[in-house]
Structures are given as structure tokens and as C-alpha cells.
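Each remark here refers to the structure printed beneath this line.
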Amino acid sequence: MEPKAAPTFHKTVETFTSGAKTLPQRYLTSQEVFTKEQERIFSTHWLCAGHQSQLAKAGDYLTQEVVGESLILLRDSKGEVRGFYNVCRHRGTRLCEEKSGHLQAIQCPYHAWTYGLDGRLIGAPHMDKVDGFDRAEHSLHAVSLALWEGFIFVNLAENPAPPETVFAPLAGKFTHWNVPSLRSAKRIEYDVRANWKLICENYSECYHCPLVHPTLAKLTPYDAAENDLFEGPFLGGFMPITKGHSLTMSGNACALPVGDIQGEDHHRVFYYSLFPNMLLSLHPDYVMVHQLWPQSSDRTLILCDWFFHPDAFGRPDFRPDDAIEFWDMTNKQDWHVCELSQQGIASRAYQPGPYSPRESIPAAWDREYLRALGELNRS
Amino acid sequence: MEPKAAPTFHKTVETFTSGAKTLPQRYLTSQEVFTKEQERIFSTHWLCAGHQSQLAKAGDYLTQEVVGESLILLRDSKGEVRGFYNVCRHRGTRLCEEKSGHLQAIQCPYHAWTYGLDGRLIGAPHMDKVDGFDRAEHSLHAVSLALWEGFIFVNLAENPAPPETVFAPLAGKFTHWNVPSLRSAKRIEYDVRANWKLICENYSECYHCPLVHPTLAKLTPYDAAENDLFEGPFLGGFMPITKGHSLTMSGNACALPVGDIQGEDHHRVFYYSLFPNMLLSLHPDYVMVHQLWPQSSDRTLILCDWFFHPDAFGRPDFRPDDAIEFWDMTNKQDWHVCELSQQGIASRAYQPGPYSPRESIPAAWDREYLRALGELNRS
Amino acid sequence: MEPKAAPTFHKTVETFTSGAKTLPQRYLTSQEVFTKEQERIFSTHWLCAGHQSQLAKAGDYLTQEVVGESLILLRDSKGEVRGFYNVCRHRGTRLCEEKSGHLQAIQCPYHAWTYGLDGRLIGAPHMDKVDGFDRAEHSLHAVSLALWEGFIFVNLAENPAPPETVFAPLAGKFTHWNVPSLRSAKRIEYDVRANWKLICENYSECYHCPLVHPTLAKLTPYDAAENDLFEGPFLGGFMPITKGHSLTMSGNACALPVGDIQGEDHHRVFYYSLFPNMLLSLHPDYVMVHQLWPQSSDRTLILCDWFFHPDAFGRPDFRPDDAIEFWDMTNKQDWHVCELSQQGIASRAYQPGPYSPRESIPAAWDREYLRALGELNRS
């Protein structure tokens, strides 16, 4: 493989502004704010819902719950990835019940109305006897869909922002990690009793690492983060990994490098939050992705996938569990403190508290959140 | 037995009107509509709550939850069936905890206030020392009750419509099935995560039978229904059963005929919905009855009883499980697709869909429902 | 031990006023009333939350949920009992997760902010780099706390009524029972599906004893209560115990006398309700205390502790289970009828019913409750 250009990191220097505080209580506990978020953020933004490798061939599908909607994501006969509302046009019946599978066509289990992989109604018994019934008017309702670096993004808005504009700030940034070609080895689903924003804030700082993650803190010094994106919808940077080690239970690399990793990046883990629902963690030997799916003001479903180089699978040195077990342990440590925060924040004694200099990214994340909600100057 | 007059079926011919659509979303998902239904329909209509054979002798009782109210239904010392609110007049305590049983009198388990089977307060320790206390003013609150074809109907309204007027359209219709004399062999209770109206619509058509009920569809052709009641609170008709067969697991009759079944009726199953909560299925060898008890906009408790000729019990050819197992399987197939419909209808993508010519009875049922809710021209 | 002065019982004679009725439905079923109670009663009154013997040495702590707030109750380095909201001043995290334990200092499990046992912030990594950050402004939020007869009372009000004024009517009343020195042998927690007021009413009369408590009714005649406090926040009196017996499974005393019990008090059990959340039951050989913690209009958590003379522990004649088992059985009998009342009172058929002459204390309790809610003349 020919070496590619180094990623174009911003050279701006991050500075910490004293005075930033945690969010007021209502953002983390009120049903009203939750509803507003579901409308203004999760119904209008591009949301990560999977990776193209999870739809390997025509007819493969995933279902994903988004803002209370079940969506069918599938690869059609022409190889395109498409998304549909999982709702029959006859009597509204849920079409696909499984989380994933393979289909020739989409047949409703109730009265056998049948749709092609492109969503067009191709069979509806007895409906030819109904005056004025037109199959073409009864296709499945489609949902907007985009691919970025191989990840599948969905958007419930009628006129979503163009994805090429939205993702422009990240153009070329992750080329070396070869993300579109990677394959998922494992998905773990977590049901966390905490507001999704607490999980984003938690991901965005390592001030908590010494007490919460003793194993992680040995491999990556908690105070050595270098952020290159520190305002806006995409935030993060890298942390060094002790040379000769990897973020695994054994401390050793567990797979082939995911891509054309360059120089110091062999000893770095890159952590980025992609507003609103994706956390992207790029290691030399694997890529971990969290999808956040808020269920209520105090509950979030989290899907975590681990991706590896496609050639890594089946090799004798491939030990994905070494990484998965490491992060499953670390994830659970995080969810636990997020749940404790959720509990305390619900108290009448809670007041926004002061962020430390080690929490500049959570503070920036909060600003972006308030901006998206249209409340940056009101909180 | 002397042959009786044939049932007087209406001779009007059913015609299908193109253009009928399924109900708008709010009727199937909103808490507000649910509350309105509980008030305007379930608190004012006659509701099937059992059969007189379930109260064989004086002192036998059932309890039934109706619109959040626990009712005691019992046979009193004079042999009359009566209904009372299950609430002590002293401190409001629930009197009977069991679903059924036998009583000499109704004694409150808290302070021993005691009521006769006619509801009159007959014992209240120490209350004679209370100035102005009059036992006669502290009888149990009664609920209106009627018997129709041996079935017990209750009505929570203060001035319910006369049952003889309400049931007049069905007069003489089921005489041959001997319904008042039948005995229940089995009750199964189902907790279904679907709106009660989806269950009524499902009961009212066999368009879904080929895919949902492969076993049933072999014994009774899905497209051969002949309806004789196709507008109003009572809807339905018959479907032929393959000659020499019965709707049982084995395909054979499982009991003596329930009554004086005539001619072609030996090969017919009659399905009627009695608005709002009763589904009456008359087979040559048994009668099945569903009671629907809505719990919320997306949940319905269903009681299903199987009734047989009283002389059938104890005979060597009595195999009630052959019928019960058949319909328990078929019921569960129905509940499953109703639950899938409930899920899909909650979507923002749901729109009322077109009924097929095989769904004229669900369309008529919907009209009757909207009429009862006072919204026929508003939906 | 030198005999102390006899308790000063009021000599007023209790008279029963005919005409008192049970509370209207809304007080026992509405969410709105529950919220009002939580604000006007449970957020402003002194609430029993434990006994000083449960915090034996410096660093011992309990956590207790009060009106949705988790509180830390602890003994500090100077031996004082203190209370704090269980909420970190940094990001709001719950500090203590356990129900009880021992601490040197209070360290937040998230980012290691650390507080002394007096609540002062003594450690906050990296915060010295934040302009204007002052540790003194980030102590734990304290909650008002008082000791009465060795019991720990908390009060969430900003300016609570002085406890010495509140408890003045009970001054000297329980001296003989030696309550501050007693030790708890056992706590049982009950989750009861009934409004807390039904539990207070139930505690306040023995009219229900013949049917509900056959074992208790044999040891203490249900109609022999002599009340000495019969209006106001503290209500109750004594009931005789058959001579030579104790309220235990065996009927025998199970421990040393709790204090300097005098004359007839050897054969008496004293039952007092201390509005709003404490039920105090003084026996010759043990003291039982119920704490009531309303969770919703139809659910109450109840903590029940049994206290004994500190010298009783370890003696061969110490059989605490004989008393605990007796009252655990009796408690459950009570909770069951309270749950039945809750069910019946929710009915549209419920109307306030007439109290009997044996229910004068429940009637007085209801008046005090309505007074506290500011609705005595409105119900």
C-alpha cells in the first residue's frame, strides 16, 4: 500500500475558559426537554445507524428504532443501501420483526401485501377489485439515508441538510484508518439509566479515568489528551498509548492494523464525538463505534460495535475478544458513573457545577447541544 | 327433539363500497381517545361478563374488572343473578379477592361488616352506637345486569338502554344452538399488547387467514364468508367447514352437537361480533366466546370460554381439548398480528390504508364504533 | 435504678363524636394531592429517619430517601449527627450508593472530589487552576437534623419549626422506656401498595383486630384501648396485655425490660402515631418503630425497626425473633387489608363511610392531616 497524505489536523491551539458549568437540571431530567430534543435534534440530524459491512449483499437488512420509529435498512437488488419505515401501507402492520436478516422481498405477515427491495408495492391480493386503487401510490415510505466513511446515516427530516456539507469538516481526516472497508466482529447493546448527554460528556474527558478506569489509566495517561476539534458538532483528539501496547486486556495488539497507520499514530487512540449520536474511537488495531439512542430523559440505549481489518478475520493472531472485553469492562465503568450522575442531578440540591480545565470538551459539547436546541444563550 | 324454526337471516345482499379506509392513528394510540371510549362506550353499553352456567347455585360468584371497577356477580338466595360494586360501604375495602368462589354472605375482611347476597347490610359491629346510622342506607352499590341467551351482561350507566330493545335484532337468531343451557369447559385469559379495536377488526375478516392461520385455512376456505348482518352493532355471518370436519386439531367433531343443528349448519361456523366487547363463534359441536376488556390504548385483556352441551360432559366421545387447543393456537396467531399492527400504527409514517373487498365487515365495525363515539362524520 | 416520675398523661376524657367519615377519594388516589402532601407535609415537617444507635461511631452513615431526595446521615469526627444531600457539587453525582456503611471522608466516585465528614470540600483535582474557584463555596448541601429521644429527625424546610417546640407536648412522656439508649436488633422493609394515610388509620384502631389479627386479639382485647392523646399531631394511648404475657409468638417476654417500667405498664403496650411518618409502639420488653415513606398515592415504603435494652443483647434469655416474628406476621396482616382498602377506594362507587365509636383516633388523625394540608374545612 502506498502511503497516503497525513490527516489535516487543525493547528489552532485549544484554550480553556474558566467559568463553564454543567447543564441546568431541566436538560437532564425533564420530559419536555426530551420531547424537544427528539423533535429538534434527533428528527432533523444525520444519525449513525450502522455500517455498510453489516449489509453485505442484496436483501440483507437491519431494523433500527429511531425516535420511536422502526426503520428497515437494506441493500437493494442494485447494491444501493436504502431505508424504509417498517409500516405496511395496508393496515399499518410492522413488517420486519427481527433485528437483522435476509429478504427476497418485503411481505407483510398479516395480509401478504408484498413490496420489492426498492419499496414498491408488487403484490396486494384482491385490491385490483377496488375502484381507483393504484399500487404506485402505496410504496413503502422511504427515509433519507447517506453513507459517510462506510457508516450508514439516517435522517427523518423532510429536507435534510446535504450530508456532504455536514461532514465537510471531517473530509480526509480518517483516510488512514480505512474505515469504509472494515468489518464488525461484535455488537453489544447496553441499556443505561442515564440521559444521553451525560454519556457524551463522559466520553469527552479523561478527568474521571484515574478513579473509574484503573486498567485504562495504566495504558493511556489521563491528562495527556491533545484535542484538534474543540468547537462545533465534531469534537475530540487523541491520547497517547504506552509504546508497545494496545488498549486490550492483555495490553498487546489484537489484530492487523486497520489501515495505513502512520508514525506516532501507532501509539495513539483518537476519540471523536459526532453530534448527536456517534462516538468514534480509532485505535491502531480496531475501531470502536458507539451509537446513542435516547429512550427518555433518564434512559439511553447504546449500541457498541467493534470493527477490524477484513483481512484480520481468520488469521491466527486475530484476538478480537482482547479488545472487546477491555472496552466492555470500561464501558460498564462509564455507564455506572453516568447513572450515579443522573440520580444526583435529579435532586433539588443540584446546581450546575464548575467544569475543570480537564473538561473543556464536555463544555464545548454542551454549547453545541444548546446551539442545536436553539437555547445557547438561554440556559 | 322437535325441529325448531330456522333462524331468520336477513335477506339483504351485502355490497362492498370501495374507498373505506382503516381508522386514523389517534383512535388506536391516544390516551385521550381511550378515556373517551371508557366513558362513552364501556361505561354505557351492555358488556358481556360471563354465562349463567358459571353461577350454578345460590352463593356462587364471579368477580370481573369493568372500566377499572371490580364487580361481584353472584346468584342470590332466590336464584337471581345480581351484580354489586366490590366495595365496602364502611371504609371502602375490596370485599372479594378471588376470581370466583362461593359465599353464604359477603363479609368485609377488614372490620367484618356483612352483607346479604341481595346486597343489604346485615351486620356492622358497634355501629348501633352511632347516632342516626341506618343500615338500610348502607347496602352495597348495585350494578345493572341482564341475561341474554344465558350470557350475563352488565351496564355501568345509571339509566341503561333496555336490554330487550338492544338485543331485539338478534331475537330468535341463535335458538338452534341452545346457548342458555350450555356449560363452559375451559377459560383462557390472554394479555394482548394491542388496541381492542384491532382485535375486533381482526375477528371480522378472513383475508388474513391464508398467511396467519394455515391450519384453519385448510378447514374453512378464507374467501367463502356469507354475512347476514353487515351494518350496526351486531355484525357477521357464517363460513363453511369442509364437510365431515370440525374446527379442531384432529379435524373431527369433539362433542355432541350443542343444540338442534339443522341441515347445512352442520358444516358452518357462525362468527358474530356483538358491540362492543363480545365475539360469539357458534360451531356445531361447541360455542366459543371472547370477552374483550381494554386496559389502555395498546393493551387488551381477553377472556375466552368454550361452551359445550351439558350432556357432552363425561361421555367417552367428549374431547374438548381438541377444540380448545385448535382455537388457542389460532387465537395466538391473531394476537400476534394485532400486536404487529399496533406497533406499526404508532408510526409517524402510518396513514389510514384502503380496505379490500374482503374487509367489508371491519369497515362496518369501524363505522359502528365511530357512531358510538359520536364521531362518525369527524374521523 | 431509681424510680423516675410517672409519665404525665393528660386527664381529659376522650369522647366520640358521631358523624365522622372516612376521607374523600381524592386524598387517597390523586397524584395532585400526593404532590401537595410531598410539598406541604413531607418537605416541611420533622420526619423520623432512624435512631442514633444506628450511627455508633464517627464515620458511620445511613442513606435515606426522603421526598425523592437521597440523604446521607452520618456521625462526624466530633460525634455530632449530621445530614447532607447525597449530591456532589461538581457534576451532581450520587456520592454514597449503599444503605449504610463507614467512611473516613466522602469521596465522589466519578472525579474524586472529596468532602470531610462535616461536608467541607477538602479535595478537587485541577480546580486550583480555575479562576475564582473557592472550595468554601462548594461544601455539600446540609439538611436540618434533630434528635428526639435518640431518634434522628430530618427536615427539608429552609427554616424548619424548632424541634423543641414541636416535640414539647411529649416532654417527659416516654422517660421510663429509656428510648435514647436502646439498640436496634432488626430492620424489615415493606413495600405496600396502599396510601400512607390508610396505614396511619389502620395503626390507630383495633376495631379490625378480631378478624385481621386472631393471634394479637388473644393477647390484647381489641376494645380495651385507653387513649390519652386524642387530638393533634401526636395521637394514641395504651392497650392492656393479658397479665404474664408479652406480644410475642410464644406469649412470653423476649428480653430484659427496656427501661424502668412501672406497675401496670408491665401489662400495657403504648401505641402512638407521631405525625406524619412515625409509629411508636412501646412494649415492656421492646420498642417497635415504623417509618412511613410515601412513594405515590398508592404505594408506601415502610421501615420497621425493633429496639431492645443494650444489656439484653448476648444474654441467654434474649429472643428478639419471638417479638419480630410476631409483629412481622401482624404487620403483613395489616398491609394486606390496607391494600384491599386502597383498591376499593379507587372505585367510582366509593363514598366516605361512617367511622364507628372504635375509630375515634383515625378520625382525629384525618383531621390533623387535613389541618396540615390546609384543607380541614374544605374536605
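Per-chain residue numbering starts at 1, and chain names A, B and C are given in the order in which the chains are listed.
FYI, a residue touches a chain if its C-beta (ideal position, glycine included) is under 8 Å from a C-beta of that chain, and two chains touch if they have at least 3 such contacts.
Note that the structure is a prediction, hence the values are computed from the model and not measured.
J.: Where chain B and chain C touch, do the two copies share over half of their residue numbers, giving same, or under half, giving different?
T.: Different, since most residue numbers here occur in only one copy.
J.: On C-alpha atoms alone, could you tell me the rotation angle mapping chain A onto chain C? Nearest 5 degrees is fine.
T.: Rotation angle between the two copies comes out at 120 degrees.
J.: Between chain B and chain C, what is the gap in Å from one C-alpha centre to the other?
T.: One centre to the other, that is 49 Å.
J.: Going by the contact rule already set, what residues in chain C reach two or more other chains?
T.: Not one residue in chain C touches at least two other chains.
J.: Applying the document's contact rule, which stretches of chain C touch chain B when the two form their complex?
T.: For chain C paired with chain B, touching residues are 18-19, 22, 201, 207-208, 210-212, 337, 340-341, 343-351, 353-354, 356-358.
J.: Touching residues of chain B toward chain C in the complex: what are they?
T.: 68-70, 85-95, 97, 109-112, 124-127, 129-133, 138, 141
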